[in-house]
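Same chain, two partners: chain A is paired with chain B first, then with chain C.
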Partner chain A sequence: MKRIATVSLAGCFGCHMSLLDIDERIVDLLKLVEFDRSPLNDLKSFTGRCDIGFIEGSCCNEENVATLREFRKQCQLLVGVGQCAIMGGLPVMRNAIMHSDEPLLECLEESFTHGPGVYNPSNEIPNDPALPLLLDRVYLCSEVVRLDYVIPGCPPSGDLLWEVLSALVLDKPIHIPPWMVKYD
Partner chain B sequence: MARHEAFDGGEETRQRITFTIDGEKITAFAGQSILEAADAAGIYIPRLCDVEGLDPQGSCRVCTVKVNSRPVASCVHPVSADDVVENDTEEIRRWRRDLIKMLLHEGNHLCPICEASGRCELQAMAARFETLEPDLYPYLQPVRPVDASHPDIMLDTNRCIRCGRCIRASRDVDRKYVFGYIGRGIHKRVGVNATDLAHTRIDLDDAAASLETCPVGCIIRKRVGFFAPIGRRQFDLQAPGDEIEKRKGEGK
Partner chain C sequence: MVNVVCSKFNSDRGRLIDILLDIQSTARHISEEAIEEVASALGIHRVEVEGVVTFYSFFSQTPKGRVAIRLCDDIIDRHAGAEAVGQVFSEALGIGYGQTSTDGRFSLDKTACIGMSDQAPAALINNEVAPSLTPDTARRIALRLVQGMPPESLFEDFGDGNNSHPLIRSAVNNNIRLIGDILLAGDIESGKGLERAFALTPERVVEEISGSGLRGRGGAGFPTGKKLALARAFPAQRRFVICNADEGEPGTFKDRVLLTERAELLFDGMTIAAYAIGASEGILYLRAEYSYLRGYLEEILARRRASGLLGGEIHGSKGFGFDIRIQMGAGAYICGEESALISSCEGLRGEPKNRPPFPVEKGYLGYPTVVNNVETLCNISRIMERGGAWFASYGTGQSAGTKLLSVSGDCGKPGVYEAPFGLRVRELLEMVEADNPAIVQVGGPSGAMIGKVDFDRRICFEDLPTGGAVMVFGARRNALKIVDAFLEFFIDESCGYCTPCRVGNVFLQERIQKIMNGFGETGDMDYLESLSRTITATSRCGLGATSSRPVTSSIQQFPLVYASLTKEPKDGLHAGFDIQRGLEISRKIARRQSMIYDRRYGEEDGQA
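Moving on to the complex of A and B:
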């Protein structure tokens, strides 16, 4: 039985929702695979080595980087799922903050102190030790570890995820009709 | 006006020749480009910088084919008698995929936030050649200017692929010379002939500002964003080249 681990880094969980979008085929999938670390079963750490790692999102804080490296260590195949995992998606837009010497500070100030509609009388930017430190910019998964497959889409359709996952689980070659591939 | 009227000298006197694409026999007029002859015969050769109604430029190289084993850009290469052309082979598909991936990596092509998503030729082409293998090129993530000065038209040069279609449309169709290339090599970009777009003579009726001209989301019309819902956008309904492939078998 193959073992799958999934994680959402700097993503919106849309790709996980799309994974649930395979509908009744999830019963077939669960006959073939066992889910290890995943937000779907709320397991927070690996119980052993996995065959397939399903990565959603890119790296925007140090915890993301540590998690991604852990996945690379524990998984035979890493699959980057969705535009965020491939090219950064929406989080990567903060890399394009222009006209600033401190783009990260400007980004945080916009969010927590002087952005439109922000009510924050203390004027403080959250800085609790429990919060993972933000990175200077958003790093793509491919800049941190090696990925074995990427599935484009925002999110990829349930059908596309099913085609790829079932091929990987059954060790078959992947054949994707081009109409199934969407980048948004 | 036919593109190559200068070469062929009129419909009647044009010499007919034959050549093959992937083993299929094609009849063409002498002086026609390979791409034009293939289009007429209903064989689609993928392309980005070439569009019907504008002179071919041969800059994107996505239409690369092998003629007698040598790679050429089919939009600018005139056909000669008995040429053996390879179009849809594994090797050429890989070249095209790499070219498109490099264009995607060079700019900021954030499809989920782009207004042109679903009618973007670069996106449709990338989907056509998608293999789900990660590519090894780095994402350059450039920070290029956005010009929103014009009341009706906006330029987001982060998405420009420098195909030159707006340049040719503005020069040859509108005769306004609004756009032009600046710089060389990796620094080459498309500029406007004034301090910003608001000070140029461009307006909404120009060919350069039409939806067909910009293959990506660089030239955007204001206030009509996301006019087609997902599922009814241009390339949701048909892939680029479907129209050309439909011609196959007609007129023979």
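Moving on to the complex of A and C:
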């Protein structure tokens, strides 16, 4: 039985929601695979090596990097799922703050202290020790580790995820009709 | 002031570049108010003016110094010591690059190749060229400028040939090293070709030129006769001949020498081309860096008008009239591309146009236009003078005639060489006394980078085509640094219209720098090659089509350089990503250490 792990890094869980869009086929899936670390079963760490790792989202903080590296270590095949994992998606927009000496600080201030509509009398930027440190910019998954496959879309449709996943699980060639692949 | 300038050009929207150049040179910048005023005087939108102002590097929206120093930042100049020269200027004038002194007297900038690679490092001081600079001469020049000497009287020793002509008076040297039979020969009688052309019908002139096998000398090599025939055949009210003297390809400077020494031959050639296609108007598009030649060229045009060689009815032509105006460029490499050049002549941003329609059908102002390189047009005169068969007796089967080569870099005799097509790179390297050559860039950054194994290849359209630039790099030069410098150039000069070119070149440079910094991985070369293919295939003009060539040709020619700098990634983790560097800023902002990546107090190993 193949073992699968999934994770959402800097993403919105939309790709995981889309995975649930495979509807009743999930029953077939569960006959073929066992889920290891995944938000779907709330397992927080790996119990062993996996065959397939699904990555949603890009890397915006140190925890994302550690998780992604762990996934690379534990998974035979790593699949980048959705626009955030491939190109950075919405989170990567903060990389557009380029003409500033302190882009990260400017981003935090805009979000928490000075931005329009922000009410924050203490003027503090959240800094609990439990919060992972942000990276200087958002890094694409492919900048941090090698990805074996990527599935475009925001999110990729349940059908598309099913096609890819079932082919990988059954070791069959992947045939995807062009209409199924959308880049937005 | 703005209104005076606008009325000088009849408030013609097509002359926007000239208007802005005038304002820039008097006011030293083009202010918001000036943009407004120009827009209302020409009856166009403000953004149209602003778009043009921001496009060209010789226009600025903040005041430049009354003396503006532009140091050439080409790779050849860098190798020749431009850095040290810049340092001297910077210290002596108390300003950094991109700055203007507080009293408004001086400004210092870097600029792309100014066409002086044979006498590098060089700088433009207003319109004057300061060639062959050393820290010592730079210090002397800076001192004189600070003492208040005007840039035009900085130099007492003028260059050879016409460089010391009273209307040029420039320190530039021609550096003609090899005199060929066609363009640099001493026995050229200007006017003879024109006379012979007028004795024939225009059709016969086109036939003669087609028969000679002449191909465009700008680099692309389109058959000139065919271009003339196409423009002639397309029905139209007006037709134009444009001479492309926007020699912007780094390392090219042969047109500079032709403009200085063979201007009459060039104007003969333009007139013959005009006669052949039935054009009555011509434009010489002169790059801004060569404005020191403008007065001299204008005087020759005036003299030709006075002696009936230009104007209403040209002497000996039975009713044919033709005149030439000089259109100055304003510092944009892309304007060497013919459709971008036409845009620029029309007073627009120098962006390439969609093709088809081709300029020979719908070019300048929508009329059939022939755009040719300076060298091509000079060749036309010689073909008419001596006959197409004589011309075709030089060179190789597909590449008739001679080629002017501008050789620069690590060699004993940089300068202009006129050699028949088919010359081997090795023969050229011997002639120029190359110093242990390892890399030769044929055709400038957009051309081919070749290593020793290819030194037996020939310079001609069948093998190694070139617009004239040949850069020689010795064994101690770093191939990747050269590639990096070329990419930087293309990033600066991309007009930004096509995304693959605007963005792709940046990605290429990032990846090359990653490899240079020792983080290269084996997959990077595949990435570079596939991205290069995309940029080439999906850009609409020659810039994007060729900007990745330094990358592809260096991968092909110097695989060992890349192999030694790249390694297989370990455990699928990319070496190029440095988590410690990525966290530096965050540690400072949060004023705490990382819970994952920093060693914690009291623990032996906190590293994950």
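Convention: the second predicted complex is superposed on the first by the 183 of 184 C-alpha atoms of A that agree within 3 Å, B and C clash if a C-alpha of one lies under 4 Å from a C-alpha of the other, contacts with A are read in each partner's own complex, and residues count from 1 in each chain.
The rule is simple: a contact is a pair of C-beta atoms (placed from the backbone, for glycine too) under 8 Å apart; a residue touches a chain by one contact, two chains touch by 3 or more.
Source: prediction; values computed, not measured.
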| item | value |
| --- | --- |
| Superposed partners chain B and chain C on chain A - clash or fit | clash |
| Touched partner set for A:73, first chain B, second chain C, both or neither | second |
| First (chain B), second (chain C), both or neither touched by A:26 | neither |
| Partner chain(s) touched by A:169 [first = chain B, second = chain C, both, neither] | neither |
| Partner chain(s) touched by A:12 [first = chain B, second = chain C, both, neither] | neither |
| Partner chain in contact with A:40 - chain B first, chain C second, else both or neither | neither |
| First (chain B), second (chain C), both or neither touched by A:150 | first |
| Which superposed partner A:135 touches (first chain B, second chain C, both, neither) | second |
| Clash with chain C, by chain B stretch, listed 186-194, 204-212 or 222-230 | 186-194 |
| Set intersection of chain A contacts, chain C complex versus chain B complex | 142-143, 146 |
| For the chain B and chain A complex, residues of the former touching the latter | 104, 108-114, 117-118, 123, 126-128, 130, 132-134, 138-139, 141, 143, 158, 230, 239 |
| Contact set on chain C toward chain A in their complex | 523, 569, 571-574, 576-577, 579, 581-587, 589-592, 594-597, 608 |
| Touching residues (chain side chain A, partner chain B) in the complex | 80, 83, 86-90, 92-93, 95-96, 98, 140, 142-143, 146-152, 154, 164, 174, 176, 178-179, 181-184 |
| Touching residues on chain A, where the partner in the complex is chain C | 62-63, 65-66, 69, 72-73, 78, 102, 104-105, 108, 125, 127, 129, 131-137, 139, 142-146 |
